[in-house]
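In the two complexes below, subunit A is the common chain; its partner is subunit B in one and subunit C in the other.
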Partner chain A sequence: MSAVALTGADFLREHLRARLTLVMLVTIPALFVVASASALSEFATALGGSVGGGSASALGAGWAAAFLSGALGFFQVASSRDADRRLALAGMGPTRVATARILASVLLGLLITIVAFLTLWLSTEIGRPAHAFAAILVFSLIYIGIGTLVGSLISEPLEGSLTVAFVFLIDVFSGPGMSDGGGLAQIMPTRKAADVLIAAGAGQGSPRGDWIAVGLTAAGALALAAIAFWLSARPRSG
Partner chain B sequence: MSGDPTATPAPSASSPRTAATPATVLRAEGIEKSFHRGIPPWRREIEVLKGADLEVRRGELVGLVGENGSGKSTLMKIAVGLLERDAGAVEHSAKLGYCPQTPLLWEKLTVDEHFELFARAYRLDAAGADAATRRLFDELQFARYRGYRIEELSGGTRQKLNLALALMHEPDLLLLDEPYSGFDWETYLRFWEMSERRRDEGMGILIVSHFLSERERLDRVYELRDGRCREV
Partner chain C sequence: MTATRMGFREQARRPLLLILLVAVPFLFISWMIAVTEPIPHLIELPGGRYRLTTMKELHGAVMVPITVGFLAGLIGLFVVQSALASDRRLVLAGFSPGEAILPRLVVLVSGTLVVLAVSLGVTTIDFIPVSWLPFVAGNLLAGLIYGAIGALAGALIGRLGGAYLMFFLPMLDIGIAQNPMFFHGPPPGWATVLPGYGPTRVLIDGAFSPTFHAGAPLAIALLWLAGLSLALVVLLRRSVGGRTARPG
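Up next, the complex of A and B:
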C-alpha cells in the first residue's frame, strides 16, 4: 500500500477511535430518520414546503449524513492542523498529507452514508434505494467540503462548529421540500441532491440534468476540501 | 525540506540565497515578524522580531535564550517553515528535525503508529525505521508505552515521543524548542547526553531555552532581546 493510503488509514482510524464519533454515527441518523421525520414534515408545511412520508424520511437521512460529515470535516482540519503541518514539513509534503486527508474523509463519508442509508432502509420503504444512497452520499461529500472549508478558516472548536451548524440550519430550512423553493434555496449546494432524494423517497427517478448537477457539486465540494487541507498543511516560508 | 540528506543549506521557498559555507546548517538573516491583533481601527501591531540573525554550523550545540515573549519560538517556527516571516532570509540543511515546544501529535494514534507515520514522511525503509525506533525507545526509555494512545500518556512521555520523532532520521540540523519541559531529572540528563553525542557526530543543534544556567553545555549562546539576536 502507498504511503498516502497508509497515512489516510491512520487518519481514518484516529476518527473511528473516538467513542463519541461512533455514538453519533448511530444516533444521528436514527434521530433524523426515525424520530424526526414527522416533525420535519410539519416544519415543511409551516415553512411553505410539502415534503412528507418516505420523502421526509429520505431527506432526514440526507441531513443526518450532512450534519455528521460537516462536523467531522471541520474537526479533521481544526484538530490536526498543526500536527499535519509538522508531518508535511518532515517530508510528507502538503499534497500527500491533503490527499491522505481526502481519502480518510471520503471513506468516513461513505461509512456515514451506509449507516444513514441502512437506517432509512430499515425504517421506511424506499422506491429507489440506489438513487437514495447516491443522493445521501452527495449530501455527505458536500458537507465534508463545507466542514473543511470552515475548519481552514476558523480554528476555534466552538466558533467553527457553530458556523457549520449555522450553514446547516439555513440549508435545511430553505431547501427543497422545506420551503417554497425561492430565495436562499436557489443557491444552497444541496438543492439538487435534495430534489433527487425527495424523488427517490417517493419512488420516482430524477432527470439527467439533476444527476449531472449533483455530480458536479460533489466534485466541487471534494476539490474545495482538498484545497482546504492543502492550505492547512502547506509550509509558511514568507 | 525533504528527506534527501545533504550538507549544503537549501534556501527555504522565496528567500534570497545568501553566502553560506558548507559547514553552516542554518542561517537566518534579518528576520522581521510582527503580529496584528484586533480589527481596524483598533488594530494594533506587535513587533516581535526586528532583524534577527543567527547561524548554526555542523557539530555545534547552540542555545537561543531570552525572556518570555521575546520571540524565541517565533524565530524557531520561522526557521522551520511553520510561520511566515515579514522580511529576511532563511537557509537550512535539507535534512531537518524539529521538536516543537508543545507536542504536535494525534491524540487517538499510538506511539508506534506515530513512528510509522514519520518513517513514511522521512522515507525510511522498514529496517531503517525499525532500527531508529528501537534506538530511540532505548535512549529515552519509553518502549513500554509503544502500544499506548497519545491521550493515555503523561506530559513527559508525550515530550519524549515529540523529541524522538524529530530525531528519527538523524538530521543534519536539529531544532529543539524547550524540548525537556516535563522531563524528570534523569531524562533531562539523558537528553543532554544524547544531544552532546549527536553534536560530536556532526549534527548542528539549536536549542531554545529559558535558562542561561545551561550555558556550560552549549558551544555558543544567542540571546534574543528587543527583537534581535546577540551572541553572549
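Up next, the complex of A and C:
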C-alpha cells in the first residue's frame, strides 16, 4: 500500500478515534433529514420558494451533508496544520500530505453522504435515487472545499466555525427552492447541485448542462481543498 | 478578578470573533425576516389561547432564539474546550478549581449577552414583541441553556463531535421542533422534552400576548438551566481539579 493511502487511512482513524465523533457523524444527518422532512416545504413556501414533498426532504439531506462536511473540512486543516508540516518535512512532502488529507476527507464525506442518503431513501419516496445520491455527495464535496479554504485562512475554531456557518446560511437560504432563484442565488456554490437534488426528489432527471456544472463545481471544490491542504503542509522558511 | 480580566482580554484580542458575533446575527436575522412572506398563520399561545399572525411576524420572533442558541452553543463549546488545559495549569499553580472555572463561565454568559443584545437590536427593526420582559427572558434562557449545552459538549464530546452537535441541535430543537411556523397547535409531544421547549414557549407568549401565561414553561426552562449549570460546574471542577500532574 502506498504511503499516501496509509497516511490517508491514519488521518481517517485520527478523525474517528473518538467514538462520540463517529456517533455524531452518523446520527446527526439521519436526525436532521427525518426532522426537517415536513418542515422544509412549509418553510420554503414562507420564504417565497416552491419546493415540497420528496424534493424538500432531499434538499434537507443535501444541507445536512454540506454543513457537516464544512465543519469536517475546516477542522481537517485548522487542527492539523502543525502535524502536517512536520509530516511534510519528515520526507512525505506537502503534495503527498495534501493528497492523503483529501483522500481522508472524501471518505468521510462519503460516509456522511451515505447516512444522509439512506435516511432519505428509507423515509421518503425518491424517484431518482442515484441522482439524489450523486447530488448529496456533491453538496458534501463542495463544503469540504469551503471548510478547508476557511481553515487555511482562519485557525481559531470559533471564528472558523462561524465563518463556515455564515457561508452555509447565505448559500442554502438564497438557493433554489428557498428563494425565487434570482440575484444572489445565481452565484451560490451549491445552486446546480440543489437543482439536481430537487429534480431527483421529484422523480425527474436533470439536463446534461446541470450535470456538467455540478461535476465542475465538485472538481473545483476538491482542487480548492487540495491547494488549502498543500499550503498548510508546505514548509515555511525561517 | 485577574483570571476574569485575562479571560476577557483573551477574547478582545480576537477582532474577527467580535465582527462575526455582530455580523452573523445581523445578516441572518434581518435577511430571514425580509424574505419571509406575510402569509396568515394561526398559532397557539401558552394557556390554550389562539392568535392569528403572519409567517413574517412569527419568523421575526423565532429567529432570535435560533440565532442566540446557535451562537451561544458554539461560544460555550469553544471557550470551555480551549480553556480546559490552561485551567488545569492554573489549578496546579495554586488557583482553586472554582477560581479557575468562574472566569470561563463569566466569559460565556457575557458572550451570550452580547449575541442576545445584537439579535434583539436587529429584530426590533422589523418586529416588536407585545411584551418585552417575557420575550427577552425567553431568549436569554435559550442562550444560557444552549451555552451550557455547548460547554458540556466541549468537555464531554470534544471539539469536533461537539461542533457537529452544536451546528445542528439548536436548529433541530428551536428551529424545527419548537417553531410554531410548522404547526398550529402546541408543539408535538416529543418536542416538550427538548431543552428549547420552555424558553420558546415563554418568548412566543411575550411576542404575541399582552398577559403572561407561560409560568409552567418558564419553570421548565429554569429547571433545565439549573440542571445543566450544575452538571457543567461539577464536570469542569472535576476536569480542572481532579487530576494530578503525571510524571513524564
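We take it that the second predicted complex is superposed on the first by the 236 of 238 C-alpha atoms of A that agree within 3 Å, B and C clash if a C-alpha of one lies under 4 Å from a C-alpha of the other, contacts with A are read in each partner's own complex, and residues count from 1 in each chain.
Everything below uses one rule, namely that a contact is a pair of C-beta atoms (placed from the backbone, for glycine too) under 8 Å apart; a residue touches a chain by one contact, two chains touch by 3 or more.
Everything numeric in this text was worked out from a predicted model, so none of it was measured.
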Which superposed partner A:E14 touches (first subunit B, second subunit C, both, neither): first
Contacts of A:A202 with subunit B and subunit C, given as first, second, both or neither: neither
First (subunit B), second (subunit C), both or neither touched by A:L68: second
Partner chain in contact with A:A90 - subunit B first, subunit C second, else both or neither: first
Partner chain(s) touched by A:I227 [first = subunit B, second = subunit C, both, neither]: neither
Contacts of A:L169 with subunit B and subunit C, given as first, second, both or neither: second
Subunit A: partner with more touched residues, subunit B or subunit C: C
Contacts of A:I28 with subunit B and subunit C, given as first, second, both or neither: second
Subunit B versus subunit C as contact partner of A:L111, first or second or both or neither: neither
Contacts of A:L103 with subunit B and subunit C, given as first, second, both or neither: neither
Set of subunit A residues, in rising order, touched by both subunit B and subunit C: 15, 18, 79
Subunit C-facing residues of subunit A, complex: 15, 18, 20-21, 23-25, 28, 31-32, 35-36, 38-39, 42-43, 45-48, 64, 67-68, 71, 75, 79, 154, 156-159, 161-163, 165-166, 169-170, 173, 179
Residues on subunit B engaged by subunit A in the complex (per definition of touch): 1-3, 12-15, 77-78, 80-88, 90, 96, 98, 100, 104-109, 113, 116-118, 120-123, 149, 165
Interface residues, subunit C side, partner subunit A - complex: 14, 16-17, 20-21, 23-24, 27-28, 31-32, 35-37, 39, 55, 59, 70-71, 74-75, 77-79, 81-82, 156-161, 163-165, 167-168, 171-172, 176-177, 179, 181-182
Complex contact set, residues of subunit A against subunit B: 3, 6-7, 10, 13-15, 17-18, 79-80, 82-83, 85-92, 235-238
